[in-house]
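What follows are several structures.
Below are two complexes that have chain A in common, paired first with chain B and then with chain C.
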Partner chain A sequence: MGKENKISLAQAKAKSTARAATVFLIPALLLITIFIIYPVIDTFVISGYKWNGISSDRFFVGLENWKTLIHDEMFWKSFKHNLIVMVFSILLQIPLGMLLATFLDAGGKKFNIFKVIWFLPYLMSSVAIAFLFNYALATNGGIISSLATIIQGKRTTIDLLGTAPNALYTVIGVMAWQFTPFYMVYFIAGYGNIDTSIYEAAVLDGATRWQYIKHIAIPLLGPIFKTACTMSLIGSLKYFDMIWNMTQGGPAGSTELMATYMYKLSFQQFNMGYGSTVAAGMFILITAIALIFNKVFKVKEVD
Partner chain B sequence: MAKENIKDADYRKAKVKSKIAWAIAIFFACVMLIITLTPFFFMIMNSFRKQFDMLQQGVFHLPDPWFFENFVTVVEKGFFGYFLRSVIVVGVSLILMLIISSFAAYPLSRMRFKLNPWIYAMIVAMMSVPMHVTLIPIFKLTTAVGFYDSLKALIGPYVAFSLPMSIFILTAFMKTIPKEIEESAEIDGCNRYQSFFFLILPLSKSGLSTLAIYNGVSMWNEFAFANTLIISPENKTLPLVLGQFKGEHAMNIPMIMAVLTLSVLPMIILFIVFQDKLVKGMMSGAVKG
Partner chain C sequence: MNKKVFATILATVLTATTLVGCGGNSSSAGPDTAAKAPGEKQTDGKNLPELTTEPMTITLWDIATEEPAKSAQEGAVQRFMADYPNITVNQVHQQNDNYKQQLVVAMSSGQAPNMYIHWGGGPMAEYYKSGFANDITDMYAKYDHPDFIDASVAQSTYDGKMLAIPFGGLSGCDIFYNKTIFKDLGLEVPTTIDELEDVCATLKKNGYTPFSLANASKWTGSMYYMYLVARHSGNAEFDAAYTQENGGSFTSDAFIYAGTKIQDWVKKGYFPDGVNSLTADDNQDRALLYDGSAAMMLHGSWQVAGIKADNEDWYNENIGVFRFPEDTEAKEKGVPQDVEIGTAIGNGFSFNCFKEDGSVDQDMLDACYVLATQYYNDDTYNQMQMDGGNIPSIKGFDSKIEDPNNKEVVKVFFDASNVQLWYDQYLPASVTEVHKDCMTELFGLEKTPEQIGKEQDDAMKKAIAEQ
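After this line comes the complex of A and B, so read on.
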């Protein structure tokens, strides 16, 4: 009798827990389903149609759009640009952010002014940065061209955004300007999480600041490096705002990325069926690269 | 004695070495300062020039004369309307996001039920879904329910896309609150809802405030949804103001620089006030990373 009572009491408790959990979780799950899960599925559904996004007539074309995508040179070219942006973002922003954070960590409070100023670019929206650099890098009255004019002593123009190979690397440079502060704060946070007693112990053992950073702090920051790389990787594969406002993918498609290509197809040419196919392709590629990256890193950690 | 001397020399040598290292480091730090600040300098200086003074005076000259009309014109052309609409959208979205994510983080961090790990894993996986993939269906959905071209259209996507990261961070945060607090409350006759509102929520305040700052910045700057879902100038938010002004004053670069300066200013002021909170917020994200 007493035993039965206990079981039903435990069951009742589990039931009330489940009920409370449902009540608390429903709003979040509802929103995530409506605005993230359903749209992702719908993107794949729309990719099977020819549709302009406005009229009610959609034609089911099966895998036609996907066949086009596989042979679409512009899509693969934009994917290649995404990969270039990805590699340079990881190679530039993360080590630089790490260096700045190391400097600030070693310097302590008296370098606070450096931290505040270095962080400023991250506070600007990508749109604002795009407009600013459009003018700041212009051949006429821009910073670089004006500098070159002073150095050369005669009127010199350096066309950073208007010519094909330059534009992509210029954009990468501007992205580094924008996002390095983010990784800097991230690594500052990482240094902050290392127990101060570890540093004190190292100093007692006669380690210099540099030895501490090299042999103790950096290995401890390993997981942070990994997260930073994952963030940079996903971020650069879905990059959109700044490029859209700065070059719109030009000149001659030399800065076209998957997201700008998708946006152009969908909201300028109103080819939403194929635009969705590009979006779905982008989703598959990003997920695959992120999974591969995580797997490779895990293997390395075991070593 | 001799040994002492050697030690002393070593020490001095190390000191000189570290002084040189610091000098080099500070030199590069200053180079970084210049790289960071030059574009801001360009923006602010040009915003105080007359339209045709910009090319004549060159980049590195101070404005002559200082010309304030640009800012007056920008304000007269309805800049604060854009500003206000952004405040409304970000304010409403942030409040909803904070309520809904703390609701969700509570059972995920402090209750045992069968689906818990699955729901948590699903929400974490949502963090890496690029919003661009959802753009077309959300555009479709927005037109279908008649929200297209209104501020309402932005709130749903803004809240939904900030949820996964926020729930992830808040769940980690709430896990650090000791279990005993709730247990003793339960003995005192508190039910789950009461202990959430009166115990857990107040204890999560610092986590919530860092989330508010972190998500506030990204909502304030959000462009792709705003550009897709809003079309009339009287409904546009701040990230769209630049395109609007450029369309109307393409040749007046100082005017555009004035718009830029005004739109960046509030963020810079907020950052200077809240900078410690922001670093702490990123720290709580970085721990579990």
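After this line comes the complex of A and C, so read on.
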């Protein structure tokens, strides 16, 4: 008993903090276990079965589904589409977001109206955006085709969603329209975090606005770039909702992504076992790419 | 680093759980106020199972989110509940778009409804094999039911077992055309494919798009493919390709003929530009008829109700219908020219009435049977179906139709020697997806008829192997 009395105040505080932390973390841990850890493990378990998703009979087939996955052209084709989407998302959304943020940062309060207007696309639901662009890009009475008709003076059709290579790039463009505002706000916050005294010091030393951005602001925004890229990368590898509503992976699989392929297998083709294998494969691929990305960027920072 | 790895895993982990949640609107209908003697039931005096007097709740899923189907189907449920006040029917209207997936999720999680809508074909077989559809063969033989046409009974049957009660009405597939354009150009309704091609050429020359087609939906383009195959070979080659036996293949004569014809028509500009990006879900094909740029449209007969609802005057003035023309060469060889594409049931109800231990819950099944056969499909319901432009798949209704186009549709349908159910509902689910993608590639001129035949063969062989 005597021993306990000798605990220092600091130790007592640490102990109670630990206790409080445990109490506060348990609900979150429970939720994560139920809704994330368990489904992931279950996905891997189901990937070992041949199962139509509804029957009570499941046949254990071991690694059969995984063997199929490795040789599944459609899966690798979707993965390739995901990579294309990823590269273009990073190349389009982040620089554009940065550009808009820089513009708004330089303009100050009088540009607040642009801030609101440019942020609007991000506030819309993906499904609404999909419908909106489906109408706008329609070959029959859509904005693009109608404008082309007016300019050409005869009925002209610009088919952006209905032919193979166009569709993927069109969808990438729509994604950029949707997500650029997010990165814009992100970079505005980044700019806000740079101390104004740094800007003042630079101006006193005779730096132009451009020199300030190039040599001071962008290097200071480095960590933000990295996080933005990671988010964009993961986002584009697991992308699903808007593409599903716009093209359902079509025409003829040319906008099929891993997630849409997984969905089709699981819920339309009664092949939950293999659908789960695709989901698990996605999980492995995305984790691996994200880790590699983080590692590579870290090395750069040290340089 | 460990922390970072964990954080990355957490961030990406969601990908494995991108599944949809269940949801839906539930509406419990109140009692009906129809004038009827107290205690008298609509089912009195009929040969039907005696229904329980214990309280019971039936969950029913349909896709009647819109009028007129909504009132017709809610009305049926209300009349039933008024007659059997101890039975509550929990009627849930699901969104059509996600319905099939929702049903799969519900079945896999043990939340399946007791009575649910479907379209027959491959999925119905799948539900039955997985133990979510009662076999009602004996009940159907024993008790009263509407006098459904044979094709619709056949379509509610799988492996010799009756699994569904039809209630959606039949749908034919025919060519709707603009009578005014035909008259202006002095065109006659074609009866052979050669004549059809002449008509197309004339239309094209005069600045019209011969066919309106929205092929982003894929099953729309499939209609042309199915009909050309059917005219060239009847049911023979498709049936053979379906089993992949005795040389049956999607690369056989009729399929190559159909594919080649379609691609020829695409090249000649007989279909609208950007055909693969137009969707039928928002009626972009109908829009091309409305603005007068297209003259014909091969489509399901539900279009009659749709066009009529959009603009009845315009419909009456301009829209006519004819059956898909005949293949003269094939006819000379004795190939039947009266195989029609369509569905005899439209929709059916299957029942999922089982107890915890897996045995049949006969009390509930009896109630569902009475509801589906006597309240859906009763006079009030059928009249509402007819008013909405639908044709009940019950004998005798063909004579009650007034709309001239629907009359023609029904005549073609009843005169058919055989009705070929839409491929995308007849084929196994995995083959359906391949077939639909092939339609995009065919109309987009991305693959040859041989290539898509080969792809469909591969998918079909795989599906057969997995059975």
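Basically, the second predicted complex is superposed on the first by the 284 of 303 C-alpha atoms of A that agree within 3 Å, B and C clash if a C-alpha of one lies under 4 Å from a C-alpha of the other, contacts with A are read in each partner's own complex, and residues count from 1 in each chain.
FYI, contacts are C-beta pairs under 8 Å (C-beta built on N, C-alpha and C of every residue); 3 or more make two chains touch, one makes a residue touch a chain.
Because the structure is predicted, anything quoted here is derived from the model rather than measured.
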Thinking of the overlay built on chain A, is A:211 touched by chain B (first), by chain C (second), by both, or by neither? neither
Which chain makes contact with more of the residues of chain A, chain B or else chain C? B
Touch check for A:272: first (chain B), second (chain C), both, or neither? both
Touching A:294, do we find chain B (first), chain C (second), both, or neither? second
Quick one: is A:39 in contact with chain B, with chain C, with both, or with neither? Answer first, second, both or neither. both
Using the touch definition from the top, say if A:56 reaches chain B (first), chain C (second), both or neither. second
Check the residue A:141 against both partner chains and state whether it touches chain B (first), chain C (second), both, or neither. both
Which superposed partner A:31 touches (first chain B, second chain C, both, neither): first
Is A:116 in contact with chain B, with chain C, with both, or with neither (first, second, both, neither)? first
Touch check for A:189: first (chain B), second (chain C), both, or neither? first
On chain A, which stretch or stretches are contacted by chain B in one complex as well as by chain C in the other? 32, 35-37, 39-40, 43, 53, 135, 140-141, 234, 237-238, 240, 259, 262-263, 266-267, 272, 279-280, 282-283, 286-287, 290
What residues of chain B sit close enough to touch chain A in their complex? 14, 18, 21, 25, 29, 32-33, 35-40, 42-43, 46, 54-55, 58-60, 99-101, 103-104, 106-108, 111-114, 116, 119, 123, 126, 128-141, 156-157, 159-161, 163-164, 167, 192-193, 196, 217, 220-221, 223-224, 228, 239-240, 242-243, 246, 253, 256-257, 260, 263-264, 267-268, 271-272, 275, 278-280, 282-283, 285-287, 289
Using the touch definition up top, name the residues of chain A that touch chain B in the complex. 14, 16-18, 20-21, 24-25, 27-29, 31-32, 34-40, 42-43, 46, 53, 100, 103, 111, 114-121, 123-128, 131-133, 135-136, 140-143, 146, 150, 177, 185-186, 188-190, 192-193, 208-210, 223-224, 226-227, 234, 237-238, 240-241, 244-245, 259, 262-263, 266-267, 272, 275-276, 279-280, 282-283, 286-287, 290
As the complex stands, chain C meets chain A at residues 4-5, 8-20, 100-101, 104-105, 107-108, 123, 126-127, 129-132, 216, 218, 272-279, 282, 284, 287-288, 293, 429-430, 432-433, 437-438, 440-441, 444, 446-447, 466
In their shared complex, at which residues does chain A touch chain C? 32, 35-37, 39-40, 43, 50, 52-57, 134-135, 137-141, 145, 155, 157-164, 230, 234, 237-238, 240, 247, 250-253, 259, 262-264, 266-272, 279-280, 282-283, 286-287, 290-291, 294
